[in-house]
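Two complexes, one shared chain (subunit A), two partners (subunit B, subunit C).
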Partner chain A sequence: MGLTEWLRSAATRRPHVLLVPVPGGTQVRLAAQRLIVERGWVEATSPAGADVVLVCGTPDVRLGRAVDMVWEQLPGPRARISSDSDATVADALDDGVRQLDDLDAQRRDAGRRVSPSPLADDEPGDLPMADRAEDRDGLKLDQLHIQLGPVLPDWPAGLVMRVALQGDVIQHSAAEVWGGHSVHDPFWDAGHLQQLRGEPVTPAELRRRLAAAHLDSAARMLALAGWDDAATAANRVRDLVLGSGTTAEATDRLTRLHRRVRRSRLLRWSTSGLGVLDRKAALARGITGPALRAGGDGYARLCQWLTEAQLALRESPVGTDGPRGRLDGTTPPSQPLLDVLPGLTTGLDLATARLVIASLDPDPDELLLGAAVGQP
Partner chain B sequence: MTEATPWVAAPVAALLLAGLAVTAAALDAVLVARSAGSAGLVAYRAPLQETARLLLQRRRTTLAPDALLWRFGGAALVTVALLMLAVVPLGRWVVVDLPVGVVWFNAMDVLLWAAVWLAGWGANSVYGLVGGYRYLAQALSYELPLMFALVAPATAAASLRVGDIVAAQSGLWYAVWMPVSFVVYLGSVLGFAMVGPFGYPAARDIADGVLAEPSGVDRLLLLAGRHALMVAGAAFAVPLFLGGGAGPLLPSWLWSLVKTLLVLGVLVGLRRRLPTVRADRFAELGWLVALPLALAQVLVVSLVVLVRG
Partner chain C sequence: MNGYVGPLSLLLTAAVGVAVLYLGASRLNVTASPLRTVPFESGGWPTEHAVSRFHARWYALTLLFLAFDIEMLFMYPWALVVAEMGASAVIEMFSFLAVLMVGVLYAWREGALRWA
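== the complex of A and B ==
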């Protein structure tokens, strides 16, 4: 066996998969994350470190163009796979490995790609000069307009925030959601919506999905806070809860995770005071759900998620609220969460802004697919 | 007592660095796999599989990067780790026994400021640039406490030569009566290796920061450089705080190795268990807590030296 083949056989044992979550494809994303962990693969955090792009769901035109741009940024050897239902994810991942192993196809792909010609110093492509604007101290500083998302690790699916940065401080931002196609209810709210419509739903199913939703949000925030162990543990409990695991094991692990998070003074020190939304301000904005009940900063919302997940698993009665808030209004509960983001993130640097966004965690599924019974 | 070594010492040191770096990466992969619940022990192959993958991956470039400085910054991490290791004795042997070994180590870790910033800025990418500046912001806070943590053993041994510091620990190891310096030193190793609680420059929230744009061999050099820096830092802790190769039964070079592995195990174990500290929060801790404590430790050491004669 040649050296390349030998290296390739070692390399494809552990591919790095860049997940592109699409609104409407939450189930696919969850299945993909679970399978990646089971197989010992790695979830990539940037196109440069990825071999495989997995599109979780069916993107629309704008999101599809974003995926194409990300695809272009992958160095070779690369594979592009997509899946629109959780049953086909395993086959898609196997197909991805097959594409990576196909050396002839990879060579053809490499030959087709054009490397850019070296640029002269005074014509950097189509990039305009950086404009200048006032910063918070009244100085005129360079301003950079970038777009956070839609493909970013630990980021709500399809969320796009256009921000104007000075240094790494956000001067102003605007949020929107790019969509996908799906015929189902939003995954996290499906049980509650069925209950509101009068269809029969088992309470155990409702409780499990509510706990899993909170754990999913908590895992994202813990990953952004840099605590890999806790994020992995939260994802593990989420998969146990959603799968066929016993409630006893899930409750046990969740209790331990909750205790670790509460005891961690480093986490509290790192995330306290970010994105403060006391109860009055939250009520005024129309926010319901855990963000209202927590009534404080990002750390308080994180602890609220873990507490409510524990309560949900402990067989306490579940109300009609979805994981983000009330589902019987005229707007989805994630809409006020999305609307409050630009105001809360202005003046924060990138790290704290991402923590604030993760602590509110609007669900793009709800925003695009309409998670309010009052909506047509 | 350190011996002058033939020219073969340098490649042997490089091989040792590579071997220990792979060991550290393998331990990290096993710990990650265990916490994720997937097959734990099999993950020890992860560093070799990752190396194979990155060797086969193509290099990529961005729009209008400063290619020379970008690649240079990335490659400098491994080089600096090797230079750091040049003054660390393995038992009785050392590559270069500089009379100012402690200062050499400090100078090398200051070179990292330039290396990591270039690796971030050279890519002409937002996330890379933010990562580079995050490293500078973080390094500003740990550098002075690190310097004073290195001064304490040198004061106690009345010499900047690493061999003399090892010899002066024949009574009590410095880690026992200079605990503040030891802890500050270990924290600084995590800091200049950009891992664990001080992984801010390569954090997930900016798509791996300094690691956002490079791929292929450049990425391999950066990732290997981080592990190599952890190894070099752990190795330097042994002669400085843990008595070098001193110990019963085993030969001194084996004791050095065992102690290095122990310190490395502690560093790797701490890596994933603590959340990342942001540089603006860390500035308070570094300047208002770590620096005065490190200074107080140096004062205590100086008084002890005076009293002893």
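== the complex of A and C ==
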């Protein structure tokens, strides 16, 4: 039918891609985001709005099951692609378009899909009702147990937070990391780890990767704060810094971005006072790096990232610290960041908690792949 | 009978139109039954029903209702005479409302209107 052809060509011109970042697949995720922007495609924010699922890396069993679940929630026509190295992302995206174009396969897939059946519970076929627990006024309110899980936009790859919600206020939470497989060093810390081990690394490379790491974290937090424009700008500077762009152009764009972010009153009003971790408290929890130096709330940490990215690009001497903190201890610098999350998010509503998590931004790569030279 | 020809023919047209729509939809459908899925929970399976109870916050609601009900009480006779009394009556009533609004603003800033 001519109508189907026309619809298909219109739809596959701009597919919506749901990225599933996996620990160990940071490079793949960065390449995917860059290619999606280059091709003019859209990054989906939920399975319902996605056409393609792109798994960036090699997930383990638990993460694989989460991906399968998300795959089941994608409305047809849909495509599932995965890539475990940044060189194969472009081919994977083309394969995704090919899958979407294959109308017969999509019709067969649609005819074959079954509604997912619940796991064997004590109430098969039904979800139990929420149980009640005390709330802030001493009354008893329903409590829902939600998983802020591995597949979420602007979320650290592989981080899973199980929260107990009353209304939208978190009563208690627990954080863990679901893994992936990779043989490389964590991407953001690779240069610093090599330097600590005594291997030769160019300082320019170290500085660029440090700046890009801070920009990546800042872009996620800006997107969560609602400022998509600034988040896109930060991502673009990050791609420039990681790619072959000149330092002058990247510095110029970064200066402008930093000025814009600093001048925004709305951003300051909406992110100040969130997740306050002053210097004493941060030192006591063993936090190092920008979270310690910022010594304050989420807004201070965001500004610290942008400042340190600017300093890194400006040829100032770079220490041995990675983007999240010291790498020469016995625990990865993201571990204290992860440990402080449950305490900081208790009593906050979901949106605020997500902002706090984004302002600390622990790196699950470090936690799973080991980012401490002192580790055995 | 001729009084009913119009409505009956309209009913028939509507029934035929709806039947055509249903048949057309069933021809265009890929499968007979629609696909059901659970709500998106970042790749996890939901643990409970999302239909959960929440508190109506009776105390806060009651006080707010009382304050504004009494205010309405004052406005009923005022509304009858304001046309004759002119601008001064309007200004007096609005300053009374402003005083009430200050109270509401205070309660809002103190967090009394937080629901959960």
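A few points about this structure:
As a working rule, the second predicted complex is superposed on the first by the 364 of 376 C-alpha atoms of A that agree within 3 Å, B and C clash if a C-alpha of one lies under 4 Å from a C-alpha of the other, contacts with A are read in each partner's own complex, and residues count from 1 in each chain.
Please note the rule applied: a residue touches a chain if its C-beta (ideal position, glycine included) is under 8 Å from a C-beta of that chain, and two chains touch if they have at least 3 such contacts.
Predicted model, so just to flag it, every value in this text is computed and none were measured.
With both complexes placed on chain A, subunit A has more residues touched by B than by the other of subunit B and subunit C.
Within the superposed three-chain model, A:G226 lies in touch with subunit B and out of touch with subunit C [touch as defined at top]. Contacts of A:L18 after superposition: neither subunit B nor subunit C is touched. By the touch criterion defined above, A:D168 reaches both subunit B and subunit C. Of the two partner chains placed around the shared chain by superposition, neither subunit B nor subunit C is touched by A:A291. By the document's definition of touching, both partners, subunit B and subunit C, reach A:A48.
Of the two partner chains, neither subunit B nor subunit C is touched by A:V28. In the overlay built on the shared chain, the residue A:V67 is in contact with subunit C alone; subunit B does not reach it. In the superposition on chain A, A:V241 makes contact with neither subunit B nor subunit C.
Legend: residue contacts after superposition of the two complexes on their common chain; A:P150 is shown touching subunit C, with no touch to subunit B. Comparing which residues of subunit A touch subunit B with which touch subunit C, the overlap comprises 46, 48, 73, 75-76, 110, 115-116, 119, 127, 144, 146, 152, 167-168, 349. Residues 46-48, 65-67, 69-70, 72-73, 75-76, 107, 110-111, 113-116, 118-119, 127-131, 135, 137, 139, 141-152, 155, 160, 166-169, 349 of subunit A touch subunit C in their complex. Interface of subunit A with subunit B (complex): residues 4, 7-8, 10-11, 13-16, 37-40, 45-46, 48-49, 51, 73, 75-77, 110, 115-116, 119, 124-125, 127, 144, 146, 152-154, 165, 167-168, 222-230, 232-233, 235-236, 264, 266-267, 269-270, 349-352, 354-355. Of all the residues in subunit C, the ones that touch subunit A in their complex are 30-31, 35-38, 40-55, 115-116. Only residues 32-33, 35-39, 42-43, 45-46, 48-50, 52-53, 55-61, 63-64, 126-127, 130, 133, 197, 199-200, 203-208, 211-216, 219, 272-278, 280-281 of subunit B touch subunit A when the two sit together in their complex.
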